[in-house]
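Let me begin by handing over the structure; questions about it come next.
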Amino acid sequence: MTGPLFLRDSTAMTTPQTLPSPTMPSDAGQQAIPDVQSRTDVRKVAIDRVGVKGIRYPITVATLEGGCETVDATVNMYVSLPPERKGTHMSRFLELLNDFRDGLTPDRMIELSQRIRNTLDAACAHVEMSFSYFIQKRAPATGKAGLMDYKVRMICDASDEGDMFQLGVTAPATSLCPCSKEISAYGAHNQRCLISADVRTNGMVWIEELVELIESAASCPVYSVLKRPDEKVVTEQAYDNPKFVEDIVRDLAHTLDAESRIDWYRIHSENFESIHSHNAYAEVERDKLRDRDGADQ
Amino acid sequence: MTGPLFLRDSTAMTTPQTLPSPTMPSDAGQQAIPDVQSRTDVRKVAIDRVGVKGIRYPITVATLEGGCETVDATVNMYVSLPPERKGTHMSRFLELLNDFRDGLTPDRMIELSQRIRNTLDAACAHVEMSFSYFIQKRAPATGKAGLMDYKVRMICDASDEGDMFQLGVTAPATSLCPCSKEISAYGAHNQRCLISADVRTNGMVWIEELVELIESAASCPVYSVLKRPDEKVVTEQAYDNPKFVEDIVRDLAHTLDAESRIDWYRIHSENFESIHSHNAYAEVERDKLRDRDGADQ
Amino acid sequence: MTGPLFLRDSTAMTTPQTLPSPTMPSDAGQQAIPDVQSRTDVRKVAIDRVGVKGIRYPITVATLEGGCETVDATVNMYVSLPPERKGTHMSRFLELLNDFRDGLTPDRMIELSQRIRNTLDAACAHVEMSFSYFIQKRAPATGKAGLMDYKVRMICDASDEGDMFQLGVTAPATSLCPCSKEISAYGAHNQRCLISADVRTNGMVWIEELVELIESAASCPVYSVLKRPDEKVVTEQAYDNPKFVEDIVRDLAHTLDAESRIDWYRIHSENFESIHSHNAYAEVERDKLRDRDGADQ
Amino acid sequence: MTGPLFLRDSTAMTTPQTLPSPTMPSDAGQQAIPDVQSRTDVRKVAIDRVGVKGIRYPITVATLEGGCETVDATVNMYVSLPPERKGTHMSRFLELLNDFRDGLTPDRMIELSQRIRNTLDAACAHVEMSFSYFIQKRAPATGKAGLMDYKVRMICDASDEGDMFQLGVTAPATSLCPCSKEISAYGAHNQRCLISADVRTNGMVWIEELVELIESAASCPVYSVLKRPDEKVVTEQAYDNPKFVEDIVRDLAHTLDAESRIDWYRIHSENFESIHSHNAYAEVERDKLRDRDGADQ
């Protein structure tokens, strides 16, 4: 079958912008196979991010208590691509990820981003991971232990201009409406909410610490195991501590403003209103460094 | 390029179970193109359901008030396939669906299922549609109007043994915990829940009717627009009407037992507990005809 | 029951940052009900966005052909909140949305955003809508008509600094891998991809136009109804037109660069690789006005 | 505050179906707190399933190779509830789950279901778990290792009538269309598909074994890491092995028919067609024991 030669010609016709690379790649054992991605591109369009998305991968994360926890992460890994290069080499992202299965800390994630950048010869690398993280939590009255799951995000950028690491946590909690409480003869609508904080720091902040900061901003934290004495405590605590979605983000902003290790944050709360089929939402972003620089001038 | 002949040979080699059909299809204008699906299969495996899944399609649904509403449906359409037939003709499902864009009622959905069955020469056809359906609802105190969205499912089976039509509705509502209310000095945890009812009937039951039956089983319905006087009403109504997830499905079962047009139902409620990150769930299924037949014996 | 008075006191104790508003609200018929949201807040935290999220609502959108199409939209509506104000009035968002059910065009969406801003007395309003939009498309050989669904996003910001309107479309398409084609004796892996373009414009760009621009960048468009002669055409067209995910975004960037009505765009493609369980992804963002301003200096 | 007494009265008024239990519960340390769930219900509605849904929990699963793997499971746990009992005790599900964190095998899952049944004094218990499971897989030409993720489901029923355990796996794979290959001069549309098999067995079947059986039914398996020589292999293998969605489920049915440890199966494949925005789907269910019993008669 003479197809391949013919086909290659037809390729050249339909994608005339791609010229054969002057130097063919020389990967060991792959010499006979053309490396299409390494060719030169003449369209003059730089690509901000190109790579692999939606990889599921087990990662081992260090815990505050000195142990480690294996999590089931969803991973995206990208590099920037200069205008003249035809394509990146997707399989190398996966090969590099394999080297970082064990013991992923913020430091190691920066190292992964830098190795991606070097291996793929890119100006910038960008890595995102999200996973459920489990923390043991004791019920407020009986002390019964249960595991709570929190959504965690880690984002890392590596480039000539320096590295950026961002940690994010989403925690479920209880919110109880101050308006409903005040205007009603008894009761108050309350609901599960999801409170999120993404932070950039100048020192190590553990997932466990960020969870605590977030939960302190709610009407009441939620728990995995609650016996009746515990249920009494959380019901009354929420009622004693009513908060609009606005109050939650403001109280959390106050808390993060006071934490000197945090330079930048973006926080939001989404409350799954028990009296509506839509949600209440509020969001605050703050760059403390910029605010301070502005104040200095 | 002599590819096609060569390719046909290689196909035959790799899938020896497929024999050429003795009679080639004669679709107008397609005579030169082989109809692979119509060939004979020798594996002797009947297929319960084969077809197209996840089609998005706008459908016009008749409303209780005599008008109609255009909905954005997700549609699955399947037929059974006897052991000797190689494949079904997927494009015909889509062509038939095109004929039913306007005015989809239960009658018309049965008609669609029967036409699929006939066109594809199948023993059984099975059609599923799900969509959001909007109903205007007035706030309990101020009467302010707003649109509520409900999830609706329609399922139809057509076969020699007769046709089956099943209507399903999922409605959001408020549930308030009787235990939390009773054991606490004040307040009670409450939350949004999703209550579902799927029913088979011996007479027309409108979506609007099923929504009402479902909402009557909750601690309180939810609304789109609530002003402060309304918020006071729903807060107090939920507190006056505490229900476990078990109570919700039992009260709904009672209501559906009393509705003579309904022969069979499966109901469930999922409550997004405001004090946990997991949900409470209860489910009841009942076949009234079978129960009655059993009682008759 | 003397609860309410006691409860109101306990509220004041647990949220000391909230002072009673000097002027009580005077909504008709609500005089006896306190307006908690209108009170003064002393935490000094401005909120970037607060409002309602995840509303499902039917909207009528004008089509290129001069008709209109009812779509099932998911809507988010937010305002900014200054530090001294305790809360926004969530129900007013829904009331305003009700006024815009019929005939939503970009102009009308800007009008909605401005009315939200005025009604809620806010510096900025932000409205997001996303929905499935159906366009009739004919198969390439037989001309059979079918409806294709596209995901559409509309975002509008209204503030003192002017209004911003952004249109986004995500279209499914076929991508065929140039590397797989070139290195293999026959065949080439191909897959469904989702190509997205979000644009800001200086003139009206219709959804239908943006769909066409997007689809021209793929190896081949996808269709709803394909008969065998059509399937032959799309199979061969994709094979004749292989594209990496990088090629798709570059070709789309070229197309959008040449469209003078578009000032800014962010585009990406996600390819659901048929040979992997993860996806290939590429993204380009470009601000033509900024680039031109930079070139002028 | 005298509220609680009053409230208890109002509860009784609004839910007259619930009578106080003659024997109050005597949980240690909870004597003063009423046990609402243990009361008697007079509505005479038995509940098929009631319990907790959507729990996220880390579980350790035994692997074929003799090791173990920590997975991030989503867990649902239900019991049946007789008509006369008011409610179940939700927190006990979570407490029991805590006892099974380490080393979950089919045997242990049956043990968990039985302990739930005993602890909650129920006729039936039903436990469902789903999680991503990672298996190392080598690329077909270079032998490069990568981790593939598979979706796994485990379902267990425990009752007087005996226990049922069901294992399910969903694996991604490549499907290549025989019709497209045969009618086209070159190329053939192919796409990622998700092939699922749920089985009931009379002997231990490992997840790894079920994955292999499933993947053998596709046009070609998918891989995590593929270098160019591997990409050539999988491209050509898929082209040499075209399969309709019907072929995939039939070939898998044949394979499972021949596996004597499997008594019952339900299999399906969903193919994300690269030429459409909808999917092709086929499904087969077979009860070998029933078929054999029928043949014996």
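Order of writing sets the labels: A, B, C and D. Residues in every chain begin at 1.
The working rule: a contact is a pair of C-beta atoms (placed from the backbone, for glycine too) under 8 Å apart; a residue touches a chain by one contact, two chains touch by 3 or more.
Just so we're clear, the structure is a prediction, and the values are computed from it rather than from any experiment.
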item: Chain whose average C-alpha position is farthest from chain A's own; value: B
item: Of A-D and C-D, whichever chain pair has more C-beta contact pairs; value: C-D
item: Whole-Å separation of chain centres (CA-atom averages), chain B against chain D; value: 22
item: Computed distance of Cα centres, chain D from chain C, in Å; value: 35
item: Approximate Å spacing (C-alpha centroids) for the pair chain A, chain D; value: 28
item: Residues of chain A whose C-beta touches two or more other chains; value: 1, 3, 7, 33, 55-56, 94, 149, 179, 183-186, 224, 226, 228, 232, 239, 277-278
item: Touching residues (chain side chain A, partner chain B) in the complex; value: 1-3, 6, 148-149, 172, 174, 176-177, 179-180, 183-192, 220, 222-224, 226, 228, 231-232, 234-236, 238-239, 272-278
item: Chain A residues touching chain C - in the complex, by the definition given at the top; value: 1, 3-4, 7-8, 10-11, 14-15, 18, 33-34, 36-37, 41, 43, 45-56, 76, 78, 81, 86-88, 90, 94, 178-179, 181-186, 239-247, 249-251, 253-254, 270, 277-285
item: Sites on chain B touched by chain C in the complex; value: 7, 27, 29-30, 33, 35, 55-58, 69-72, 91, 94-95, 98, 131-132, 134, 142, 144-147, 149, 186, 224-229, 232
